[in-house]
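Working notes, beginning with the structure itself.
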Amino acid sequence: MSNQIEEFNAYRSKMNEKLLADNNKIIKRIFNLDTNAYAAGALDVKTKELLGLVASAVLRCDDCVKYHLESSYNQGASKEEIMETLGIATLVGGTIVVPHLRRAYEYWEELENQ
Amino acid sequence: MSNQIEEFNAYRSKMNEKLLADNNKIIKRIFNLDTNAYAAGALDVKTKELLGLVASAVLRCDDCVKYHLESSYNQGASKEEIMETLGIATLVGGTIVVPHLRRAYEYWEELENQ
Amino acid sequence: MSNQIEEFNAYRSKMNEKLLADNNKIIKRIFNLDTNAYAAGALDVKTKELLGLVASAVLRCDDCVKYHLESSYNQGASKEEIMETLGIATLVGGTIVVPHLRRAYEYWEELENQ
Amino acid sequence: MSNQIEEFNAYRSKMNEKLLADNNKIIKRIFNLDTNAYAAGALDVKTKELLGLVASAVLRCDDCVKYHLESSYNQGASKEEIMETLGIATLVGGTIVVPHLRRAYEYWEELENQ
Amino acid sequence: MSNQIEEFNAYRSKMNEKLLADNNKIIKRIFNLDTNAYAAGALDVKTKELLGLVASAVLRCDDCVKYHLESSYNQGASKEEIMETLGIATLVGGTIVVPHLRRAYEYWEELENQ
Amino acid sequence: MSNQIEEFNAYRSKMNEKLLADNNKIIKRIFNLDTNAYAAGALDVKTKELLGLVASAVLRCDDCVKYHLESSYNQGASKEEIMETLGIATLVGGTIVVPHLRRAYEYWEELENQ
């Protein structure tokens, strides 16, 4: 069942390693910022992951949605919290978000069924 | 030949059912609005489907394009009408629409060859 | 009352003239295509203007919306047809279209009050 | 100092009233959904407003950003929470978000200085 | 190794031929413009291909990225030049560009390993 | 004549100072990256500024366009080079780029007339 999760993470890790090994300073620093931005601060990590999720969903980036679904799941986000977040994304971003919503829902099911 | 059409519709139906069963009020209502917005009014259904098609194409949402191609086809839209609609989409949205135009053309061919 | 309309058209004309005088072949041809794409074909001019309007609205381009509102008005589009078109735009493009909807509505009122 | 806030809200209210009076069912229902989506649920109102803020910022909709800044302010969001939210928006959405970040910061200052 | 390149080019050629045979004037002219825009002028061809690449990357169009990667490669662009171009794309367009960056990097590797 | 340039730069500087003084680490680092990304490397500064310009134009960010027009001007870019860059932007991004093209042309004129 968790095929999709494994495949996504394997490809993501493999290519990230290559990109970081390539040594382009701008890209390396953006990757580094990405780690810092979701660390606990005035807002807790789960809230930040939900912020990353809604931003990814309205920008219709399936891979980014998957990444933040998984991080949100690991932070203990409930399905209701995820659905309210994706509901806001669909309202703000419109029905063109719906195909991404379908794929997000399927990915969340896989996370729960692991 | 109509493999792509069947696959698209099967996945779409399966996931829409799950999303509606999940009972998130916002998402349910957006799905409901989606049905109402393309019903006959001051504009007829075919014109509204073409409006949905051009909006989907400039926003580069392949699944939305497929959906409106099929509804337009069912409303009796001709290939010339579809191509003029997609021509406007490509002009307004630019050459980044072209890859979606290729896939739209292929999907339309499958609709005609069913 | 029609201040906004005059201002928009005056600036648009002035800058278009300069851009065309500048003699960049690509830009000149795109301007030329823009004239052709909305000419009568399998679809009539009014329908094509509504297609241009919905595309402009979901891409949130106020100037493009104004332009197609005026052309649609000149083609005899009714307020109901405009509102149904903008309703589809808001549903497909989401609530981020709403600020543009407010400005579109105001511009349409000015067109009617000329 | 709060000129910008008053002007924004006055125009927004005036045009929303007109849009609702116009009686287009789709637009009315989307306005209605907008009220429901940010009501307390599994997530509290402040978190939902921050979700609306980050979505608005990455989609680069200044009016939407202003609206959610004001609602977040009214929900007691701190400047640090706002800045962390906008930091995520700038990272996810890139440096094209920066001009909107400048205007958001200015608007927040006005909210604090009312 | 060059499977991805062959597949991409085969599908692209097949569908472009069909689209051109379909005889929609707007689409034909846009295809024609696409050839002219990247021809040598005040800027050389390689620079123009890099401009096409960065535009494609920030607009997150994988097929367009592949196309310009291949043209840039044929114009003798070095990996460092490609990475600096994609670094700017990722900074300007934000972390939602990163999944496209991963796929671009993979495609470039295939171009080098042909 | 150079009013627009002065106003843009004054507001930009004032707000950037405030944003940097605010001390949000993510935002500060993104600002810092922005300086590094356009420094000479495998590509020269002028080419990088043109890359920044085309990315800003297709993403339809007027302030970003102004910024890169000014930097390109300072790097000795000719009007022909700017127009070819903006021509590619208009082709790739479509006619919704045209209103931004008009404003870009006006800003370039002001830069030349300073």
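The letters A, B, C, D, E and F name the chains in turn, as written, and every chain counts its residues from 1.
By our rule, a contact is a pair of C-beta atoms (placed from the backbone, for glycine too) under 8 Å apart; a residue touches a chain by one contact, two chains touch by 3 or more.
The UniProt protein names, listed by chain, are A, B, C, D, E, F = Alkylhydroperoxidase.
All values reported here derive from a predicted model rather than from experimental measurement.
Enquirer: Which chains, if any, touch subunit A (Alkylhydroperoxidase) and subunit D (Alkylhydroperoxidase) both?
Expert: B, C, E, F
Enquirer: Determine the set of chains touching subunit B (Alkylhydroperoxidase) that also touch subunit D (Alkylhydroperoxidase).
Expert: Intersection of subunit B (Alkylhydroperoxidase) and subunit D (Alkylhydroperoxidase) contact lists gives A, C, E, F.
Enquirer: When subunit A (Alkylhydroperoxidase) meets its copy subunit B (Alkylhydroperoxidase), do both sides use mostly the same residue numbers (more than half shared) or mostly different ones?
Expert: different
Enquirer: Between 0 and 180 degrees, and as a multiple of 5, what angle does the rotation take that fits subunit B (Alkylhydroperoxidase) onto subunit F (Alkylhydroperoxidase) by Cα atoms?
Expert: That pair's rotation angle lands at 180 degrees.
Enquirer: Give the label of the chain whose average Cα location is farthest from that of subunit E (Alkylhydroperoxidase).
Expert: So the farthest one, by centre of C-alpha atoms, is D.
Enquirer: Could you pull out the chain whose C-alpha mean position is farthest off from that of subunit A (Alkylhydroperoxidase)?
Expert: C
Enquirer: Once you find the CA centre of subunit B (Alkylhydroperoxidase) and the CA centre of subunit C (Alkylhydroperoxidase), what distance in Å lies between them?
Expert: Comparing mean C-alpha positions, subunit C (Alkylhydroperoxidase) is 23 Å from subunit B (Alkylhydroperoxidase).
Enquirer: Averaging over Cα atoms per chain, report the distance between subunit A (Alkylhydroperoxidase) and subunit C (Alkylhydroperoxidase) in Å.
Expert: So the centre of subunit A (Alkylhydroperoxidase) lies 36 Å away from the centre of subunit C (Alkylhydroperoxidase).
Enquirer: What is the distance, in whole Å, between the centres of subunit D (Alkylhydroperoxidase) and subunit F (Alkylhydroperoxidase), each centre taken as the mean of its C-alpha atoms?
Expert: Distance between chain centres, rounded to whole Å: 27 Å.
Enquirer: Which residues of subunit E (Alkylhydroperoxidase) are in contact with two or more other chains?
Expert: In subunit E (Alkylhydroperoxidase), residues 25-26, 30, 33-34, 37, 55-56, 58-59, 64, 83-84, 87-88, 90-93, 95-96 touch at least two other chains, as defined above.
Enquirer: Would you identify the shape of the chain contact graph, picking one of line, ring, star, complete or other?
Expert: The chain contacts form a complete graph, every chain touching every other.
Enquirer: Touching residues of subunit C (Alkylhydroperoxidase) toward subunit A (Alkylhydroperoxidase) in the complex: what are they?
Expert: 58, 90-97
Enquirer: Flag every residue of subunit F (Alkylhydroperoxidase) that touches subunit C (Alkylhydroperoxidase) in the complex, lowest number first.
Expert: 60, 79, 83-84, 86-88, 90-91, 95-96, 98-99, 101-103, 105-106, 109
Enquirer: In the complex of these two chains, what residues of subunit E (Alkylhydroperoxidase) are touching subunit F (Alkylhydroperoxidase)?
Expert: 30, 33-34, 37-38, 41-43, 47-48, 50-52, 54-56, 58-59, 64, 78, 80-81, 83-85, 87-89, 91-93
Enquirer: So in the complex, which bits of subunit C (Alkylhydroperoxidase) are touching subunit E (Alkylhydroperoxidase)?
Expert: 25-26, 29-30, 33, 36-37
Enquirer: If you look only at subunit D (Alkylhydroperoxidase), which of its residues touch subunit C (Alkylhydroperoxidase) in the complex?
Expert: Those residues of subunit D (Alkylhydroperoxidase) that touch subunit C (Alkylhydroperoxidase) are 11-12, 15-16, 18-19, 22, 24-27, 30-31, 34, 55-56, 59, 61-64.
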